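Input: structures, listed below.
Each of the two complexes below includes subunit A, the first together with subunit B, the second together with subunit C.
This part shows the complex of A and B:
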């Protein structure tokens, strides 16, 4: 018991009496649960008069029927389902997928030299892979080569029906330590023309097929040796 | 010592002034959702000369002027973008929209609400996460609780559908055009260059410390010495509803619930978008074209 300053103290006898002679009473326990049940349910606020209560206030809560949900859509990952549907027609053998798959140790890596043959009659384009963009059916790769001694970069969509075939002309000697070889654009790193490498690859392939060297490829002679044979799709 | 009270909330409520109780009752008595009087005095529909032509100021004329699709729209997830190759090998960037248990919940009629519309629900939500008033609404509509509700206006009574109707991806036909509404990605507080495409200032030629400022906000004396209302300035960008009009439907796959539209749609992946027949390219015209 605290006393404030200035307040007169109670006489000592009275205080003692209060301490000693008072019987210990049971604390009044408030039964909140029964209190809640006895209160009207729908009221604007506690302590209102009955006339202000909602007419439904004393009725029990109505059971609301909850309808069962419809079945969920067939696919939780629609883009993936769509991609597999599209690849069934765009890449029926799965060769292109395998060629660029992350799970395939022999897949195309940046730094490899590819040749892309096109269906629309344009010359095949060859160059170093400097960027691979994996986006499902929209996957693409960027080749840097030369056309009339001018450095040219071309994006190819991997699954485009306009691509007739992709030849792996030469693999990179060492694994490149970057995912994007944009430094090849700098003059000191530029790979230059890949025509010689591609020419040699084409001659080798022709010999393997037993066709003999083609006239169109004879002009491109010399150059570095192709490390490995290409893969045709 | 203060008196002991069993339930302090009751005691406190006793001291609430009487006036608030009265206003509470008054508000209840006045509350109404669909009374015809809620729309105020009806302006005259036609001239007193007896001409059947609707007066331009009338509500009926305003309803006829408004460009509204004839059919309801649907809600869908924006699941992302991909590419579609046509038979000629031409690649088209496309957005994949997925419908998820889209159902009609309720309709609005011009007689009761002043216009024609449908309330369309999307997805499913746990009933335990839904308030009792909304559960009652779903019960009345005869559908399971929905993740999202949206109202789609339609031109006339022929566009109304009974509650419970399921709208699947085959609601749309390949080749038709749709408008897609979605909340765009929020960009935060953006400067004039990003928000409005202002040119900014040159990087060099003696410029210092001012390269992306918006420049002048208007004239000084003679121009009113004030900034005109609506002046484009820096501020919050994105995070608002944005409609992309006239997107062509490239593919429809009812078994997966997919509608694939040409081009881009606002908003992040996984956001809910509203798809409805294009207002500016009516369905009948595109069907014949």
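This part shows the complex of A and C:
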């Protein structure tokens, strides 16, 4: 700002006696060259602090109600604890968890043949496991089988209360090199019907449990016993 | 997901083998199991000329005929209320007349259970199996 501007402002400032104009007036006559050395390096941070002073800053602070901290969560991993809580009701024996656990060397792997018995009176569905989805209570597995020579794939929720039991009918001969066996959908890799293998397994199990083949049908209804029978084979 | 130009297998004994969807009825999106569609017969199961008199009479539709149909299997997986999902290896349908009764007298191949809640129980009872 030049001296002419300062001269024009001076009478106005005197008449108003405004405090706001005074720093400007003072600045107008400042020798910048000498001031530069005295000012802190960052003018924007320190030099202008008082000029842009908030009017409320000198007033006492408003009373802000400070709430007591919330009680600490029961565990540091709430989702995990919720999952274990839900599994305690959905899978009280832990048999299904163990059957699909990664840490269990005897767990179900892709390529195994499973049979799922349902509580709503539907036909049991059997097929090759082509995908396992491990997501806590939402865990599921994809079975591929055939019904009247038509390929059918069904996702089952592992912990669904509508599932009466899961039988491990046959293990895969060799460990599959893939986690998801979608190639089984191709005609050249299709496993075909598993009805023969399942039928053989059912007959064998009926003999092992000392039941006639006709009583074997009744024996299937026992949920947990059926599952254990599946694991032995 | 059955839409215009979708080719479906016809699994009844009405005489059609492969049909093409030309219209999905009562909807502005793709048809799924239990939905009614309009189809054109593209392939006949057996040519009527090759068959004997009684068998030829059983062939109710010929190539180029337009008919209504119900989708009974879809390749697109569909969810069930219990959280499970089902998909078939092919798209299939059953031809029906305007009243909704199946044209054929027997079906060969499984159908989806979803037909039950949608007035297609007659088709479901004809089917050898349902998933």
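Descriptive notes on the structure:
Rule of thumb we're sticking to: the second predicted complex is superposed on the first by the 144 of 233 C-alpha atoms of A that agree within 3 Å, B and C clash if a C-alpha of one lies under 4 Å from a C-alpha of the other, contacts with A are read in each partner's own complex, and residues count from 1 in each chain.
Heads up, the rule we're going with is that contacts are C-beta pairs under 8 Å (C-beta built on N, C-alpha and C of every residue); 3 or more make two chains touch, one makes a residue touch a chain.
The structure presented is a predicted model; accordingly, all values stated were derived computationally and were not measured.
When the two complexes are overlaid on their common chain A, residue A:157 makes contact with subunit B and with subunit C alike.
Looking at the shared chain after the overlay, A:82 reaches subunit B, while subunit C stays out of its contact range. Subunit A is touched at more residues by one of its partners, and among subunit B and subunit C that partner is B. In the superposed model, A:136 makes contact with subunit B only, not with subunit C. Once chain A of one complex is fitted onto chain A of the other, the partner contacts of A:105 are absent, as it touches neither subunit B nor subunit C.
In the overlay built on the shared chain, the residue A:73 is in contact with subunit B alone; subunit C does not reach it. With both structures placed on the common chain, the touch criterion links A:65 to subunit B but leaves subunit C unconnected.
Applying the stated contact rule after C-alpha superposition, one finds that A:185 touches subunit C and leaves subunit B untouched. In the superposed pair of complexes, A:210 makes contact with neither subunit B nor subunit C. In the superposition on chain A, contact of A:149 is made with subunit C only, not with subunit B.
Put simply, subunit A uses residues 157, 160, 162 to touch subunit B in one complex and subunit C in the other. Interface residues of subunit A, counted against subunit C in their complex, comprise 122-123, 125, 140, 147-157, 160, 162, 185. Residue ranges of subunit C in contact with subunit A, taken from their complex: 73, 77, 82-90, 92, 108-110, 113, 128-129, 131. The residues of subunit A lying in touch with subunit B in their complex are 28, 30, 32, 35, 44-48, 52, 64-75, 78-79, 81-83, 86, 90, 119, 135-138, 157, 159-162.
On the subunit B side of its complex with subunit A, the touching residues are 4, 6-7, 9-11, 13-14, 16, 21, 24-25, 79-80, 82-85, 89, 91, 96, 98-101, 103, 124, 127, 132, 135-136, 138-139, 142-145, 166, 253, 255-258, 260.
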